[in-house]
Every structure is written in C-alpha cells, then in structure tokens.
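Alright, structures below, take your time with them.
Note that subunit A is present in both complexes that follow, paired respectively with subunit B and with subunit C.
And then the complex of A and B:
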C-alpha cells in the first residue's frame, strides 16, 4: 500500500476525540465541530541498505567536493564531528545513524592510512554527553577505539586553548570555533536532520562555536526575524549561519558535510496508536491507549518520566547525502519536506498543541517550564513555511503539566533564570539586555558546563529567545493542565480544561474562532498557503 | 479600662508553649496573658509623663514571649507582671520635654523609644553606653528606681502599649511624631529604628553585595532603611540588595522598598552565588552548600538555627553576618564561621547614630539603594560629609516618611480580641499580613 501524505481533517459529529500529548502522558479531547486537525504524512520507506547508501553518498559527493577517499591520505589530520544528544528525538534504536556513518568514514580513513583522527561531539553550549549516550550514538566499537585514547572528545566552548577566532563576517559577526576542527586537513560533519532547520552551515558555525560567536545570532532580534526556523531563506538565524559558514570555508576550513534524513516512524509498536489517526484505531490501539493512560495516572511523574525516556524510536534513514555543505543541504531540505510537509489552507485563530515529554534539551532529563515554553513557542509554533499556522494576534493553546521541576545537574542556570529572571520580566529583549552577560560569564555555570553535564549558563536565555517570534505574534498563550503558578511565571494563562482555555481565548479571538490542532509528534511541517 | 497583663505563671507558660508548637500565636488564650481592669501605673519620679496609646504593634519578641519561646537570658531584665507593647504611638497626657530637650505640650502625638536606660532609671552617672548615646547597650537594665525591664512593655512599673489606661514614659523616651505621618506610619517607627541601627552597624561598604534573610517586618524595614539611607548618603550604597522572602506579598514589598531581587528563601543562596560570581560546593546529605565567595554582608532578620546556618553558608570569607532577628537558644555548626573568619554581629535597638550630615532628602527624591546614590549638590558644604550623631528615631522618621512604612500595618484589633490579634500576628506572612497592631481607641470608651 502506498504511503499516505499528510492530511487535514475537518472535525464533524462523527469525529472521535483527538489525542493530545500531555507531557509524560496523553489525553483525548473533543474538539469543536469545524476544527481542523493536521496529521503527519505516513513514514517514507526506509533505505533498504543504509550502509550501502552511506558508502554511495561518500563516493558520489554533491557540489564542489571530491569523493571522500580522494580527500583522505596518510599523514593528514582528520576530525569527525557529529550531532549531539539533542538529535534525533526520541533517541533511535541501535544502530544510530551516527554510528553507521562514522564507521563507514573510519573504514575509508583506515584504507587511506590516516592515523590522526579525532572525534568531536558538536555540543555548542549543550550539556556533555554521558558515556552511555556516546556509546549509543557511536556504537561500542568506535567508542572503545577512540575514547580510551582521548581521541573522542566533546566540544568545549569555554576552552580558550582549543578555540580559534577566524575573523568577522561582513556583518561584524565573530567566528570562533573549535580549533582542532578548524585546523584539520579535513573536517567531516555527520548530521541527523530531524527537521528542516538542522544542518547546513549551522552544523559547524553553531555546533562547534563559542558564546562569542553564538551571541550574534542567538538573540531576540535574530529570532524575531526568523520566520520560520524551518524555512532557511526566511530565517535570519540561517542567514547569519550562512554568512559564517561561507566565511569559514573562505578561511580555508575544508568541510565534508554528511546529512541524513529520517522517516516519521517515531514510536515503537507498543505505542502505535500515537501515530495513527484516531478513527483508524483498532481494538489493540484502544486497549493500549486505555491501559497506558490508566497506568500512567497512578505513577509518580518521575517514574513516568523514566518510562518515556527509556523509549527508543524505530525511525529509520530515508536519505543520505554528502559533499559540499550548501549542495548537500539543498537536497536534504527537499527530502525533509518530502517526509514532513503538509499543505494547509489558511491560518487559524486558535492553534492547539499537545506537548510531549521530550524536546532537544531534556533527553534523559526533565522538561522544565522554560523548555515547555521553548518546545511550544520555539519549535512547534515554528513548524511552518509561508505563514504561521495561527494568525497574528491569535491564541496558542498548549497542553502540558508544566511542573516547576528542574534537573539540577543538567539545568542549573535554568533554575536561576526561572527564579531570578522570569520573576522580573518575560520580555526577551529586556532579558537579553539586563541579564544575559552575567549568566553567560558566570564562573559556576562555566565550571558545571565544562566538568559536569550542565547546559551552559546562557542556554535558558536562548530557549527564551526561541520563543521571541511567537511571543510577538500571538495575542495570548494558554497552557491547559499546567501548574498555574509556573504557567503565570512564564507570562501565560493557566486553564484547567480545553473548554476553559477556549473560554479564555474568546476574549482575544471572539466567540466563534477557527481552531486548528497540530497532531504532533510525529513531526510535520505545515506549508501554509 | 482594659489592660492586657502578662503574669508570671508557670502552668500557663507551659500551656502556651505546648499550644504554640502548633503555630506561633495560637497560645495566647491559654498563656499568661489576660485582659484585666487595671489602673494606670504611677509616675515613678520627675521626668516621667503619662502617654495614652493610640496604636501599639505586636512584635516578634512579643510573640516569642507569648509563645513561651523567649530565651531565659531575659529573665533577670524583665519584671512581672508587665503590660506588653513597646511599639507605641500615643498622645501625651501632660506637658513635658522630648528626648531632644524640646518642649512637648499635652496632646502631642509621640512615638515611644522604649529602652529603659540609665536616664529613665534615675541612675547617675550614666553608664558608658548611655553616655555615648547607645542606650540600647545600657548595662543597668536591672537597676535604678524602677524594676528591671529592658524596655517598656517588659517592666512592671511602666505599663505598656497594650492598655487603655496608658503607660508612663520618661522624657528620654519621647519623640514627637512629625506632621504628615499617620498613626499607622508612626507605630512602625520603633521597628524601623531597629532596622536603621542594624543597617548602620552591619559594616556595609560601598559596592557591597548585601543579602537580607527574611522579609517579615524586620526584613522589610531593613530593606527600606538600607535603600533610603544609601540613597541619601547616610550609608554606603550596596551594588545589589538580595532579599529572601517566603511569601509573594513580601517579595513585592521588598522590591518596592528597593531590593534588587526578592526571592523565595531557598533561592536566596543561589542568587547570592550568582551575584558574587562564586562557585558552590558541598550541600550533599541535607547540608547547606557553601559558596567560594558570597555576600559581603548578610543581615539575618529571622534568628533561627536555619537562618543563621543559611547566612553562614552564603557570606564571603571575612564577611559579616548581622543578627537582627531575635535568636533564642539555637544549635548551629560554627565551623564555617571559624574557618572563613566570619564576623557574627548582633544588632539590637537604637540610640544615636554617627552619620554624614547631609540635608534630609524629601521622600520623592529618595531612590533605591542599588541605583546611583544621590549626587551631592554643589551648594552643599564640603564638611557636610563629616559624621554627626543623630537619634536613630529621627532617622527612622525619615525612612517611615520616605517609604510609607505605615502600609505594612495590615490589620488592627481592639484589645478585647487579643487572641485573634496574636494569632493573626503569628501567622502574618501566611495570611498576607506584615504588622498587626492593637487599636487602643477601638471597641471601648476611653
């Protein structure tokens, strides 16, 4: 049976209740008649021979690049960088794409007699990965061959000895990136392109950069003018990264970009109902939903969290391309849209979203209120091309428990951001001006980032800036089922039920608004006409 | 004519202690405090006058006494039975002079400076502290021609503010309330004076990081006093003033008074760490984490073992912890104090303060401490910065006016509802209140 594309359902009397994610759980909501529900396209068939496809891509590069073996020779310095724990979501079943690609690259390097090889996790300002996480991403064989010899490292954006300032773009943007990577004869970057935003020049210009570099595009002004992050030509974030990427290339850093795409087969078979359309649920799906929902209700949140974070995803590789950054990324973006794009006619007054338990910054961790805001307003709101799904001045309704809980080891500066910054203002511009530098240069956060598993001190600011476009665009944000105090702290309105939320929203959008629900995950991107 | 009288009664004292263990202020009904009919106290000697209270506050030390939690240290400087109430605004019953020597006519509204020092006790010569104007440090509190009592409100001979029959006050205790201050403003003068004294004796230097633990009446008035005194050049301006405040209304008030940040108590150490660019270590197994640096000055306005421990954990090496909240018997680990050479300093009451002699600044011009200090006018003489002795109460009146501290009086009760009043005071923060006072004019015929 051929794959079905994305679908926009109009709710009528016969439509069964719609599944909403609700953190570490889910619920069914009855949407008003006439509402629209956007469903993701069904998964593209995975590549039959991923190793073969990878090898083919490396031997047949795109753009102005020689095949990888031609770039490898004895005596050279080779650095292989790879995306960190934030991709993909949820983490994928073994073998991870990074493992498959890096093993293939290493085989070619070995054939060419390359001795000086270093692997670097491109963390930017994210937390360092644990050994288990690295083993999962790279496989035991690669880990055991490199880590014990100090040849598997994680980018340290606060290590002055291993950063190099390459100069400034014509727009005055500093480019300071990982020295080992920048001074290698060849830098191979291995991407997992979960959404259209990932990859391209962003890989090196962001993933291997320092705060000095990142601050030029991770700020409220840039984020407000990125409409959306998923549409590179309309994204100032990408424009800045592209300027930097081209500068890096002109500075002589030779990059061999490898990008991969995934299908939307996101959840294991025991959770199959999560990626089905509700009216197609069979008896097993109904039973699974009922059993899971009931058992989760009686489980303390931390156990529910453990259960969900133990899920690995069956999503599989649908394409791999390699070569020159821009040529590669153009094909990758096309492939991502092929999998995730859904045509949607017109905007809506109210957009509803059920937020899941995971976002890029809480893998094996806690989804704190700042990350809830970022996932809703930064990521899901921006899953569009053309126009936002919700109209200017419209209302965004999120469903999530939004508990004021934080992982003290992973998100120490988030706690202080929540208690010491959001208590004073929620305005991204004011926050940027008043607080960013002191958090970014705080020695304790830097210590925890470098030696522990903490996100950098400035990271919660970036999460808040991701929301800047949505905050400017929306008339109101309502969180259903969230901790009222935490929701208010974010500057949003709490509601106890979807009906309450619709009642609150009517103050902004009137009594008969249009409503659209984005049925994600699985991830999709709306092409709004 | 009603008076609340506190008598020495061990069974009632024990009962109050038991009941108050379920919540401060709950033991008033079973404790040694009773509403009685009682005549006004006699004037002890010349220099004393009668004062008819208008409002009289309920202080943390009153609550500790009523709850049976007061330190036994005070036993010999208190005489029974006594009428509580040392935060008093009232009307003078006869002509006399004030503490500054100026004449005061009968009917003048006065704020009571309650310490019963050498002058009030008729002790000649005055002790060294009283001679220096530091009446709060008087060492003769058990001697002289009145019975022991550290303050009015704890002395069997003077009466106290919780009475319609009035109290007696010595000339040295009387301060005319400036025009423009309401009775509610005026009744806060005594706690504000405590705060002024604490701020000026905490050893704050220009650009210091200052943390205030607790945001009840003391914490809030310390915040207000520091903001005002720094803004008017009476004390060095801190670069940041962080306040640990449990309840949202306390956080709001602290910010209004000039706090850079007001946070829940469990977040205060984190904020101090961030503002001091310190590292943090320890904190495992329920221990308080210690900062590599920390606040230059921590002003503890709670006085519990927990608050003192927290203060020691967030003060920098060689910094100062000023104890303003009244502590009792506490068990704390003093290792950090020893190891980091921290100065632990008490701050009690008032007297006179040596402050730069700058012109009084109208309330409208006063700015929070953490903003730029008021620029000295070119017309102000160079010697204006030389210190001079000023009565703490005079400075307190300024703070009261500039910061409108009368707004901290959240509720007033007649004496007949003393159980409700004390219970309200004991749960003030939780119930959205700050200061509870008796309105002596309510509920009876004067």
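And then the complex of A and C:
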C-alpha cells in the first residue's frame, strides 16, 4: 500500500477518543465535535542500502564541492564533527546514522592516507555525552579506535585554548568556534535532520560555538522574530546562523556537510498504537494501550521514566546528501517536509498538544518544568510554516504531569533558574536583562559543564527564550494534569481535565472556540494557509 | 420501590454503550473514507500454514476418524484400478472429472494411505478462497491451493509446480469446474503442462455417482435465465448414494508431445474409465481404440450436440440394455 499523506480530521459523533501523550504515559481524550485533529503522514520507506547511499552521496557532492576522496590527502588535518545526544529522538536502534556515515568517511580517509583525524561531538552548551552514549552514536569500532588516544573529544565552549575568534559579521555578531575544527584542512560535519530547524549553517555556527557567539542569536529578540524555527527564510535564528556560516566559509574554513533525514517510524511495534490513527487500532493495539497505560499508572514516575528512556526508535534513514552546506541543506529541508508536512487550512482559537516524556535536552534524564515549557511552546508550537496553528491571542492547552523534578547532574542551573528567576518574572526579555549574564558566567556552572555532564549555566535561559515567540503570541497557556504549583511557577494555568481547561480557555477565546489538536507522535509540521 | 426490569435493562444498555476505546473497538469517523480491508484472499491467500506439521496432523486425524467413516456411510465406494498406483513413482498428478463439490473429499478419502495425507488439491481461487473463513476451511480440511481456473495465470501454475517439485501429490480437475449438466466439459491443458514441466505422471481418475450425492444447483453459479430445472429442487442437500472411483494407468508425455496433445490423451483416458463403469475394460478400451474406434466414442462423454433438454434426457435416460454407454452415468 502506498504511503498515506497527513490529513486533518474533523471530529464528529463517530470519532473515537483521541490519544494524547502525557509525559511518561498517555491518555484518551474526547474532543468536542467540530474540533480538528491533524494526523501526520505515514513514514517514508527507508533506504534499502544506507551504506551504499552514503557512499554515493560522498562521491557525488552537491554544490561547489569535490567528491570527498578528492579532498582527502596524506598530511592533511581532518576533523569530523557530529550532532550530539539531542538527536535523534528517541535515540535510534543501532547502527546509528552517525556511525554509518563516519565509518564511511573514515574508510575514505584511511584509503587516502590521512593520519591526523579528530572526532568532535558538536554539543555547543549541551551536556557532555557519556561513554555509553558515544558508543551508541558512533559504534564500538570508531570509539575504540579514537577515544583511547584522545582523538574523540567533545566540544568545550568554555575552553579558551581551543576556541578561535574568527571575527564579526556585518551585523556585529562575534564568531567564536572550535579551534581544531576551524583550523583543519577539512571539516566534515555529520548531521541528523529530525526537523526542518536542524542542519545547514546552524550545525557549525551553533554546534561548535561558544557562549560569546551563541548569545547573538539565542536571545528573546531573535526568538520572537523567528516565525517559525522550522521555516528558515522566516526565522531570524536561521538568518543569524546563515550570516555566521557564510562568514566562517569566507574565513577559509572548508566544510564538507553531510546531512541525513529520517522517517517517522518512531516507536517499536509494542507501541505501534502511538503511531496509528485511533479508529484503526486493532485488538492488539487496544490491549497494548490498556496494558501499558494501566501499568504505567501503577509505577513510580522514575521507573516509568526508565522504561521510556530505554526505548530505542526503529526510525531509519530516508535520504543522505553531502557537499556544500547551503546546497545540501536545501535538499535536506525538502526531504524533511516531504516526510512531515501537512496542509492545514486556517488557524484555530485553541491548540491542544499532548507532550511526551522526551525532548532534545532530557535524553536519559528528567523532563523538568522548564523543558516542558520549551517542548510545548518552543518546539511543538513552532511546528508550522506560514502562520502559527493557533491565532494571535489564542490558547495553548498542553497535557503533561509537569512535576517539579530536576536531574541535579544534568540540569543544575535549571534548579536555580526555577527557584530564583521564575519566582521573580516569567518575561523572557526581563529575564535576559536581569539574570542571564550571572548564570552564564557562574564558575560553578562552568565547572560542572566542563567536567561533569551538566548543561551550561545559561542553558535554561535559552530554553525559556525558545518560548518567547509563543508567549508573545498566545493569550493563555493551560497545562492539563500538571502539578499546579509548578504550572503556576511557569506563569501558566493548571487544569485537572481537558473540560476544565476548555472552560478556563473560554474566558480568553469565548464560549464557542475552534479547537485543533496536533496528533503527535509521529512528528509533523503544519503548512498553515 | 424496586427498579423495574425495563429500567434495569435500559441502564445496562446505557452502560454497555458507555464502554469505549480501548475496551470497545474504535468507531470509524464518518468523515474518513473506509478503505477496503486489506485481505489476502484468492490467489494471494497464504496457505503455507496448511502444510505445516500441526495442520497436517490435525487434518489426518479429521480425515481418518471423521471424514472416511462418514464417506463410507454416505457414499459407499467401489474403488478400481488401485494396482496402477502401486509401482508409480510420485509425486502424482490425479486428473479427475468433476460434477460435484463432494468429488474432492470423496476422492481424498478413497486414496491409498501413502497418498492420502500428502496430497494437495487445486481449488478455484474465485470460489473457495473469496472469504477468509472459506480459505481457512478449505486449506485446512482439503489442503486446497488457490488456482486460477478462468485464465492462464503464471503464479498459480508456478505454485502448483513448486508443490509437486516439493513432493506433494496433486488432485486437479482439468474441466476447471463442475459440469453444469452432468456431461463433461473439455479438459484444459494445465494437468498436462504440469506433468511436462515437473516430470510427474498423470493418473486419470473417473468419479462416478458423486453427482447424486451432492448435485450442483443453479444457485451455485447463478440460475440460468428462465430456468427452474429439476436440479434446483434436488440440489444443495447431501443424499446417500453409492459411487465408483476408477484409477487409470499413469500417463507421461511422450517425447516431443506437446501439452495439448497430452491433455487430449488424459481426457481420453478418463473417458475410457467412464465407459468401464458400464462395460468391461476391454469394451471400453475398444470403444476409444485408435485402430478401430467406435464412431463418435472419442467425444461421446461430452454428450450430444443438442438443446439442454435433450442433453439432460440423454444423460438421465435409463439404460435400455441394463448398461449405460454414455459418460457420465
């Protein structure tokens, strides 16, 4: 059967209840008649021969680039950078795409007699990956060949000895990136494009940058003018990254970009119901849903979290392209939209979302309230092109337990942000002005970032800035099922049920609002006309 | 006051209606077009399970302990020609005439043990495999294999050839369906083709009397325009009636003999067996002799070229000399 495109369902009496993610669990909600539910397109068929496709891409580059073997020679300095633990979500079944691509690149480098090779995880201000995570992403063969010799490193945005300031863009943006990468004869960047926002110049200009450089685009003003992050031409975040990327190229950094796209086959067969349309659930799906949702309710959240974070995703590569950054990214973005795009006519008064247990910043970790806000308002709200799904002044209803729990090792500055900053104000602009610098330069946070597995001190600010566009756009945000105190701390309204939330929302959007539900997973992006 | 029975029933109905997903099956939104269920039926039906050991064991138990005793009571059989099967090297293609749905089970139950449980049956894919329950039933009970009878289909022929090459005997009705009026229909060349392709011998089989055990009804394939015929009154019910099962000598294609010519020989052999029911072997053999044939004997089993009533008349006419000379009975 051919792949079915995404579509918009109008809810009527015959529509079965709709699945909502609810953190480490899920629930079925009955949406009011006349509501719309946006269903994602079905997964694209994976490439039959991924290694062959990778090799073909490296030998037939796009844009102004020679085939990779022609760029490799003995005596050169080669640096291979790759996306970190934040991609893909959930982590994919082995072999990871990064492993497949890097093994192929290394084969070519070995054939060319390249001795000076270094691998760098491009994690910007994210936490350092553990050995297990690196092994999963790169495979044991690569890890064991490079890590013991110190040739597999993780970008350190606070290491003055390994950063280089290349200059300023015409907009006055500092460009300070990883020195080893910038001074190599060739920088090969290995990307995974889960959503349209990823990749392009953002890979190097953000992934290998320092706080000094990142602050130019990771701020409330830029975020408010990125409409949306998924639509690069309309995203100020991308404009800034593109300015920087072009400056980096003009500064003589030779980048060979390798980008890959994934299908949306996100969960293993035991969770098949998560990806199916509810009216197509068979007996097995219903039994799986009943069994998992009932058993998850009976276990402590930390066990439920462990269960979910042990899931690896069967999603597979649908395309790979290599060469010059912009030429490559144009094809990549097109392929991402091909998988995830859904046409939607008109905006809605109320947008509902069920939020899952995972976002890019809590892989093998805890989804704290700040990340809940970022996932709902920063990521899901921005899954649009054209206009936001919800109208200006509309209401966003999220479903998530939103427990005030934090991972002290991964998110130490988040705890202080939650206790010290959000108690003062939730206004991103005010937060930026009053608090950012002290957190960003705090030596303790920097120490934890450089030596432990902590996100940088400024990271929770960035998460809050991701919400800036939605906060400015929305009339109210309601979280159903969330811890009331934590929800209020975020500046949102708690509700115990969807009906209560609709009642609360009616104060803002009137008694007969239109409602749209974004049915994820799998991921999709709405082309709103 | 207690709650009335009607009120109680209404409450129960209300509760039953309130059971929803996931306990109840999901309803289908009226705005979403319901696709045809993805059913793998007909030629696409996956029948491989019916040849696995558990299915074979269960089928053998049913056939030996239920079907054979029932067949013995319902259709006591006179079996002739078993000696032809003793020294033949299998697998064998059994090519039989076809006038009733009971032909297959009666033939299978009368096969010698060494063939009975290792034989598959080519069955019309459009008739026996058009519903899931039918596909399962016939695959299990008869080891039936879906077969395209109306046109040449490479897949169905390849499937049968593959099974023969795997050592399975095959029962096939080269007429392609039950005779509409009792007289035989021309044989298709499929049995002959399979024999040529696989090198397996064809054993001609003549089934006599099965038409009286379970007659074909006009309803089975649509009533003839304007007809209500005697068959419609008699059909559709099992009746006790004796039958004969005659096995002929195995046939193999001669050097350079094409499938059509070989198929003609198979058909002629079945015709000879038909005559044996009413005559002895020598008379039957003489009637179709190539040296001194009885005029018209080669096609006599297909009935007279005449209107339907005369064909039926000729078929059911009591034999004047106590022995019938036409085929079938």
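Basically, the second predicted complex is superposed on the first by the 529 of 529 C-alpha atoms of A that agree within 3 Å, B and C clash if a C-alpha of one lies under 4 Å from a C-alpha of the other, contacts with A are read in each partner's own complex, and residues count from 1 in each chain.
The definition used in the following text is that a residue touches a chain if its C-beta (ideal position, glycine included) is under 8 Å from a C-beta of that chain, and two chains touch if they have at least 3 such contacts.
Just so it is clear, the structure is predicted and the values come from calculations on it, not from any experiment.
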item: When subunit B and subunit C are modelled together on subunit A, clash or fit; value: fit
item: Which of subunit B and subunit C A:130 touches, first, second, both or neither; value: neither
item: Subunit B or subunit C, by number of subunit A residues touched; value: C
item: Partner chain(s) touched by A:306 [first = subunit B, second = subunit C, both, neither]; value: neither
item: Which superposed partner A:423 touches (first subunit B, second subunit C, both, neither); value: first
item: Touched partner set for A:270, first subunit B, second subunit C, both or neither; value: neither
item: Which superposed partner A:496 touches (first subunit B, second subunit C, both, neither); value: neither
item: Touching partner for A:10 - first (subunit B), second (subunit C), both, neither; value: second
item: Apex subunit A: angle to the C-alpha centres of subunit B and subunit C, given in degrees as a multiple of 10; value: 130
item: First (subunit B), second (subunit C), both or neither touched by A:444; value: first
item: Minimum C-alpha separation between subunit B and subunit C after superposing on chain A, in Å; value: 43
item: Contact residues of subunit A, present in both the subunit B and the subunit C interface; value: none
item: In the complex, subunit C residues that touch subunit A; value: 20-23, 25-32, 38
item: Residues of subunit B touching subunit A in the complex; value: 251, 261, 263-264, 267, 270-271, 273-274, 277-280
item: Of subunit A, residues touching subunit B in the complex; value: 415-416, 419-420, 423-424, 438-439, 442-444, 447
item: List of subunit A residues in touch with subunit C within their complex; value: 1, 9-17, 28, 278-281, 283, 285-287, 289-290
